[in-house]
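Chain lettering (A, B, C, D, E, F and G) follows the sequence in which the chains are written, and residue indices restart at 1 in each chain.
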Amino acid sequence: MDIVMYVLLGLGLLFFTGGTLGLIRLPDVYSRLHMAGKIDTMGSISLIAALFLHEIETFDMAHLLVGLKILLVLFFQFLASPTACHAMVNACLRAGLAPWVKDGQRSDP
Amino acid sequence: MTGQLPILTIAPLLFGAFAVTAGRFLFRRANYAVASLALAASFAASVLLAIQILTHGPAIYFVGGWPPPVGISYVADPLSALMLAFVSGAALCTFLASKSEIETSYPLKNSAFYALFLLAVAGHMGIVVTGDAFNLYVLIEVAALSGYAILAQGRERAMLSSLNYLFVGSLGASLYLLGVGYLYIMTGSLNMADLSAIIGRLTPDGLSGSTALAAAWGVILAGLFVKMGLFPFHSWLPAAYSFSAAPAAALVAPLTTKVMAYVLVRMILSVFTPDAAWGVPAINTLILVLATAAILYGSFCALAQRSLRKMLCFILLSEVGYMVGGAFLGNRAGLTGTIYHIFADLLMTLCLFLVAANIERGTGGRFSDMGGLFRRMPVTAAALVLGAASMIGVPPFCGFFSKWYLLSGAIAAESYAFAGALVISSLVNAVLFFRIFEIGFFGAPPDHTGQADQAEPAGESGHGHPGPIPFFRDEMPPARLAPLCLVAASLVVMGLLTGQIVRLVVDPILPPGLG
Amino acid sequence: MDHVFLYSAVFISLLMLVSLYRTAAGPTTLDRLMGANAMGTKTTVLILFLGTAFGRLEMFVDIALAYAMLNFISVLAASRYVLKRGLADRP
Amino acid sequence: MHELLAEFGNKFHYYGYFAIMMIGLYAMIAKTNLLKKCIGLGIFQTAIMLFYVSIGAKEGAGIPILDPAVGTADPAAYANPLPHVLMLTAIVVSVATLGVALALVQNIHRDHGTLEEDEILQRLRGK
Amino acid sequence: MDATVIASAVATLPSFGSVAPFLAVMAPLCAIPGMVLAGAADSPNRREAWTFLAAVTSFLLVVTMLPAVLAGNRVEYVVAHVLPGAPLAFAVDGPGLLFALVASFLWIVTSIYSVGYMRGLSEHAQTRYFAFFAVSVSAALGVALAANLFTLYLFYEILSLATYPLVTHHQDAEGRSSGRRYLAYILGGSIALALPAMIAVYDLSGTLAFTPGGVLPPGLGSLAVGCLLFAFVFGFAKAAVMPMHAWLPAAMVAPTPVSALLHAVAVVKVGVFSVYRAVTGILGTGYLSSLNLGDILVWVCVFTMIAASVVALTQDGLKRRLAYSTIGQLAYVVLGVALLVPRGDTGGLLHIAMHACGKITLFFCAGAIFVATGEKYVSRMGGLGRRMPFTFAAFAVGALSIIGVPLTAGFVSKWQILLAAAETSRYGVVAALCVSSLLSAAYFLPVVIRAFFGQAPDDPALVGHKTRRDKKIPAAGMREAPLWCVVPPVVTALLVLALFWWPDVLLRLAGAQP
Amino acid sequence: MKRLALFTVILAGVLFAATASEFPRLGDPDSAPSRHLSPAYIQGSLPQTHTPNFVTAVLGDYRGFDTMFETAVVFLAGMSCFFILRALRRRGLTEVYYYRHKPTGVVLAMLAPRRISPRTSCFERIDADWTPQDMVVETMCLFMVPFIQVFALYVIAHGHYSPGGGFQGGVLLAASFILVGLSRDLRTVESLLTEKTAILTAAAGVCLYAGTGLLALFFGGNFLDYGAYASFFGAAVPAARSMGILIVEIGVALTVMATLVTIYKLVSSRGTVEEGL
Amino acid sequence: MILEIKIAMLVLVIVCAVASITIKDLLGAAVVFGTYSFMMCLLWVSMAAVDVAFTEATIGAGISTVLMIAAVFRTTRRTKD
């Protein structure tokens, strides 16, 4: 159990780091959104899952309830974060932001 | 039920406000009646409370049944009881006097205005009577927030002025909050009486012993000065009060600065003791300089104005200087003068702002429109004369006595600059008002030419007087004049009752050893 | 055990500092929005982790839950803005 | 020097709050855009709230909710709840103020077509 | 309020006798609603009935206090305890009663005259005129009967404000500028000088009650007391001591009864009376003489006296000439007070009464002339005396009194002042008084002489001169003003003569040693 | 100007910083605030009010008066926004309403007085700057709304035992409505919570609070003294206080929800409550 | 350990504050102001003020930012400073 938790924790932190780096380094909105939307969501979900595992280690009613709530957090995070990303991409596209293309070439859509 | 009077002064206003709000959808026609009923009930309770306090001594009301340091308390001493009566009375008068004005100024939004008005009054009354430093902040915000809203309707610039007022007012309130935070961090208490005791223990020999407490005092002062518009922080005041619609200005202008000055006095008396509050000579001197500057600045700016309400706003600035300066003269007479002036100035500004509202309605607020005022609106003009005489400081009007105490305090404190500023401001007030009287007495109304031919033959007198404008031509209906006359008469009554007020109200709350 | 979460929390807050760069400097509004969203996501996690540090996780879960539910409202609002008004500075 | 550093370490948060407060104040004084002023006001108020809440902090104390596991209420074990209450109120007040300010800002924009204070004043003077 | 307080309050309730001063002051005020209502109902007779009623009541109330005061008592009444040590209170002593008698009696006469004058000229806003006239008289009575400086100041200020609509009665440009000057001097002086001085006194001594010998604590420097003296003398600008005199000629634009009231009864006398009260009751003669402050004041007065008389010589307008004469004569009163001896006080106070009777006669005459002929200038009054013999006879009596010729009342008071000056060995002052009398003879007698013995101006342009009333000066025959305008000056002229023979009561009131 | 402002601000900052020297360090357990008043609250909360959450106890009971005025401030803000912003009269502009024919997607523009009945099913009213709602976003948001509301109710009711209470619950409720507004349009919100209902609810919320306080007078207590209700509830005084706190929290929640929704509606539509963000 | 988080948060808060008043785009400023309130919430959590943090979380995330954006939507996002 602990090992799973540590793995999840490490994975989450890794995802977060990657997401943040991607957020900083990637060249345009779409690619950054890619990182922020997917990797960050993944990272947070892993971390919350790790916390869930930690919480239900001592298995009783109270902790189970809290664990349930943590799962709810995870669930809503899982719903909300991609939705937000989707909304952003949608807005971007409709606003007419052209995707970045290497070397400045523009491929016709 | 008499034990519950302190809360009954405010409860009608709260419930009235909610009832009026709901009444927008349920009983629209009765709304005005409901609102005035609430104000009247509150006024009645305040008067009863004042009588009770003056006969039986101060009372402390535990809100929620919790004793003071733990819970919030209401302190009804002679000063706050009388102030309550004044505030609610002033609000009632304004409200009764400006019924038609409200209905035309805020079409379709009457009930919202009533609700805001009632809550503003409730806020001001709460400020007066509360005994808890933080509760005071909340009430300041209640009072101010409704003020921002009702001052926003008016001429083109009203919105911007009101927004500026909002910024400055929130800044002032936040500074006050910060000062209370300083006090809290040093003492751990929020109740005023408790604070006073702890501060006395922490710094037995004056505030200069503790940087943090002195800073607390400084920050609270800064916040209050911003809220009341003392000289360097004044820029919001004339704009906010002169562009708004008349009823809002008539409510907010007399109350806010006075209530803030009251808070200042309260702070000096009940939170810091006078000895401690005056214990930092540098602060005293600085504030006296500011007050003097405020008086002079307000007076001379008022000279430059061309409309009545704007002029009154600048006079208000100099009156703020009176009150602040008097509180920091560091002697009994000065503080007495400040306290008395709070009451007197409340009545005077109320009277004059009501007059201004009437004149704006009847002839137009600019000086050039006021020709023949004494014939066109004799009652209003008479009230103007009374208010002006009081502002100038003619006995037996109440303005004279506050000036008396302030001057004697200034002379006793050997603060001759302040005394000089007081005298100069009186003279400037005389000039200001007699300028209006001259226009009203000698000038012809702008539309006089149309009236000339149908008037009685002018040859009767042969002198150059402006000719026969019909008496009462532009006078307001009696419903608007009655409260005004009441207020104007109260200027004299209060002047004659000065001895009683000082003996029954001011003396008991000043510490006995105060020199 | 709890220390692990605390160290992770510190690490995450450092990451937030980094992603603040995108929020503060991002060339377009959407970049800022993205940064804000990323920080909001991390905030949810941080609240939970801090809860473990206080040893009263059950009290912090509610906050995190509220956060998870509401975090995207502002993103949604801003993207609605962009949808209706476009990215450029068009009145 | 060391003492100074220690002093700074003990009080760093106060300096931080004052810095935030001054940032807000600067925005309120120097910015001409009305919405920026609103933001500045919000920042200013938040700094004061931070100041208050930090008063309530207590080393080794938990959140101000009674732990049923402990049962008895030991004042040293819980943070001071009073500043939290006060700041709850203050937050509400600041939101209320923000709402009113935004309403005013909108009306000003409707009347004048701009949010820059200096431009509005210029327009008003021009009339 | 516990029972004992109420009981003691009941015990100290004033008897009627002591309420009299309060009632005397209130009587004119009480009549105002009646006047206004009658005026609104367009019934001038009823309005003037109210005026007479108030005047007579007021006078009778003042007279009722006479026996008590002559017996050496003070009639006291406290209206309100406004300030500690300075209640709103009345206390009647000899000088106060003297002034009150003069004011209330002359109000009756002036009322009669006003009716004639205002109706004769069909002035506008007569209701306003009578109402403010009543307020002014009430205020003057208040000043006379005040028990302390605060009460005095109160009525002084009320008087300042109440006379403004009277001065500017015509509501024209001239009135506007005169009113402005009037208020600037009077209000400015009282607020900027008298009020601070009063507060300083209050601060020093804790009381403002008029006390023989003054209330100031001992040990003040001459600079401090000098400043106070200066502030009072110039602050009470109604006393018109130069250089605070300029309002007086300006205020001549008012209708003549107002000028009469202003110059003879209420305003200027209130000024000098206030100075008297301040010097004797507040600062204290002993204090002043020990610091030699009287001298300065004496010389200021002497200068005012001479200078005003000289200026009066150059004035052609009759009312303006009278105004400068007033300035000079007021200086007599202040001079008498400034001599700082009891006889000086007596002389000064007597001069208030005597000059009032004389000067009011002169003003009544000036008004009568104006009503009858529309003439205002001395140079065009030649021969008028033959057409208006009663008027000019009265004028002559008044003029003689002002000059101080024996057999007229003015002599009595001037004599006292002269004696006082001689008593204090100020022979320069004696000489100045004589010079001043000569000067007043020089500016008054030509008027009388020209009126009786001069030729009517034969310049056709002058004869046909169109006055503002569009009346031509009638060529010949006796054309007096209406009876209402002629009786009052004759009455006051007779009074002037009578007071020479029977000045006892006034002398006693003014504190003369028998 | 900016230089001056910067200078002033820095000066003020330095002055403020100089005043911090006497303050206790962060988290000092011996500081005055920690010793003076807070023990009373911490120790008294459970026995006196049956509320483990000290903050709720202080907020609802010990300093309930503050909270009442805080609620009043919220209400006031709503009324102020209404008063300032609400456009009750058409300002002479010809208003155009757009209707979309659902089956074909054709958009009709109609001048103000004329309108298509909202009951017609094949037309829907759309905003002037209409952009079709994104299906994903709309579905997800509407899916979350009931959860948020249930959670909000939980927060209100559970405020005695965990963080939360009327204010937070009210805000959550308001946020759920705003979410509806963002994912659909403002008219949907208006139909769910009309202006009239909102204002009445806000007033009712504060009335509930203040009325609870005032009613205590008739039970012989002071204003806001819920202990006076002990006989009414048939419970001990602390339990009555706990009940009282719950009641006022509900009042707060009602007011906050209604007011914030109103403000949002007004601000996002510039007072017309027709077309929002 | 929490101290470090506090310091980090304080720095974040200050940076956010500076950013939100310097960004020359009101929409961006509103968004950054929202971030500011997230950070504030964290700071409060780290100071054990859970109720305040809860309020700030709901207000900052749910209401005030949306209100700000709505206001910008109804006015303009252009600004000179």
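Simple rule for what comes next: a contact is a pair of C-beta atoms (placed from the backbone, for glycine too) under 8 Å apart; a residue touches a chain by one contact, two chains touch by 3 or more.
These numbers come from a predicted model, not from an experiment.
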Q.
Counting hops between chains that touch, how far apart are subunit A and subunit G?
A. 2
Q | Minimum number of chain-to-chain touching steps separating subunit F from subunit G | A | 1
**Q.** Chain whose Cα centroid lies at the greatest distance from that of subunit F
**A.** E
Q: Starting from the Cα centroid of subunit C, hunt down the chain whose centroid lies farthest away.
A: E
Q: Report, in whole Å, the distance between the mean C-alpha point of subunit D and the mean C-alpha point of subunit E.
A: 69
**Q.** Averaged-CA centre spacing for the pair subunit F and subunit E, given as whole angstrom
**A.** 73
**Q.** Mean-CA-position distance for subunit B and subunit A (Å)
**A.** 58
**Q.** Euclidean distance of C-alpha centroids - subunit C vs subunit E, Å
**A.** 87
Q | In subunit G, residues with contacts to at least two other chains | A | 30, 48, 50-51, 53-55, 58-59, 62-63, 66-67, 69-74, 76, 78
Q: Note the residues in subunit F that touch 2 or more other chains, in rising order.
A: 16, 20-21, 23, 31, 33-34, 37-38, 41, 53, 55, 59, 63, 66, 70, 73, 76-77, 80, 84, 131, 137, 141, 144, 147, 155, 162-164, 167-168, 172, 175, 178, 182, 263, 267, 270, 277
Q. For subunit C, which residues are shared contacts with two or more other chains?
A. 33, 35, 54, 58-60, 62-63, 65-66, 69-71, 73, 76-77, 80-81, 83-85
(Q) Once the touch criterion is applied, which pairs of chains come out as touching? (A) A-C, A-F, B-D, B-E, B-F, C-D, C-F, C-G, D-F, D-G, F-G
**Q.** In the complex with subunit A, residue positions of subunit C that touch it
**A.** 1, 4-5, 8, 11-12, 15, 18-19, 21-22, 28, 30-31, 33-35, 37-38, 41-42, 44-45, 48-49, 52, 57-58, 61-62, 64-65, 68-69, 71-72, 75-76, 79-80, 82-83, 86-88
Q: Could you please specify the touching residues of subunit A with respect to subunit C in the complex?
A: 6, 9, 12-13, 16-17, 19-21, 23-24, 29, 32-33, 36, 40-41, 43-44, 47-48, 51, 54-55, 62, 65-66, 69-70, 72-73, 76-77, 80-81, 83-85, 87-88, 90-92, 94-97
Q: Provide the residue numbers of subunit D that touch subunit F in the complex, in ascending order.
A: 7, 10-15, 18-19, 21-22, 25-26, 29-30, 54-61, 63-66, 68, 73-76, 78, 80-86, 88-89, 92-93, 95-97, 99-100, 102-104, 106-107, 110
Q: Sort out for me which residues of subunit D touch subunit B in the complex.
A: 21, 25, 28, 34, 37, 41, 44-45, 48, 51-52, 55, 82-83, 86, 89-90, 93, 96-97, 100-101, 104-105, 107-108, 111, 117, 120-121, 124, 127
Q. Quick one: in the complex, what on subunit E touches subunit B?
A. 1, 79-84, 87-88, 122-125, 150, 153-154, 157-158, 160-161, 164-165, 168, 170-176, 179-180, 183, 187-188, 191-192, 195-196, 199-200, 202-203, 468-469
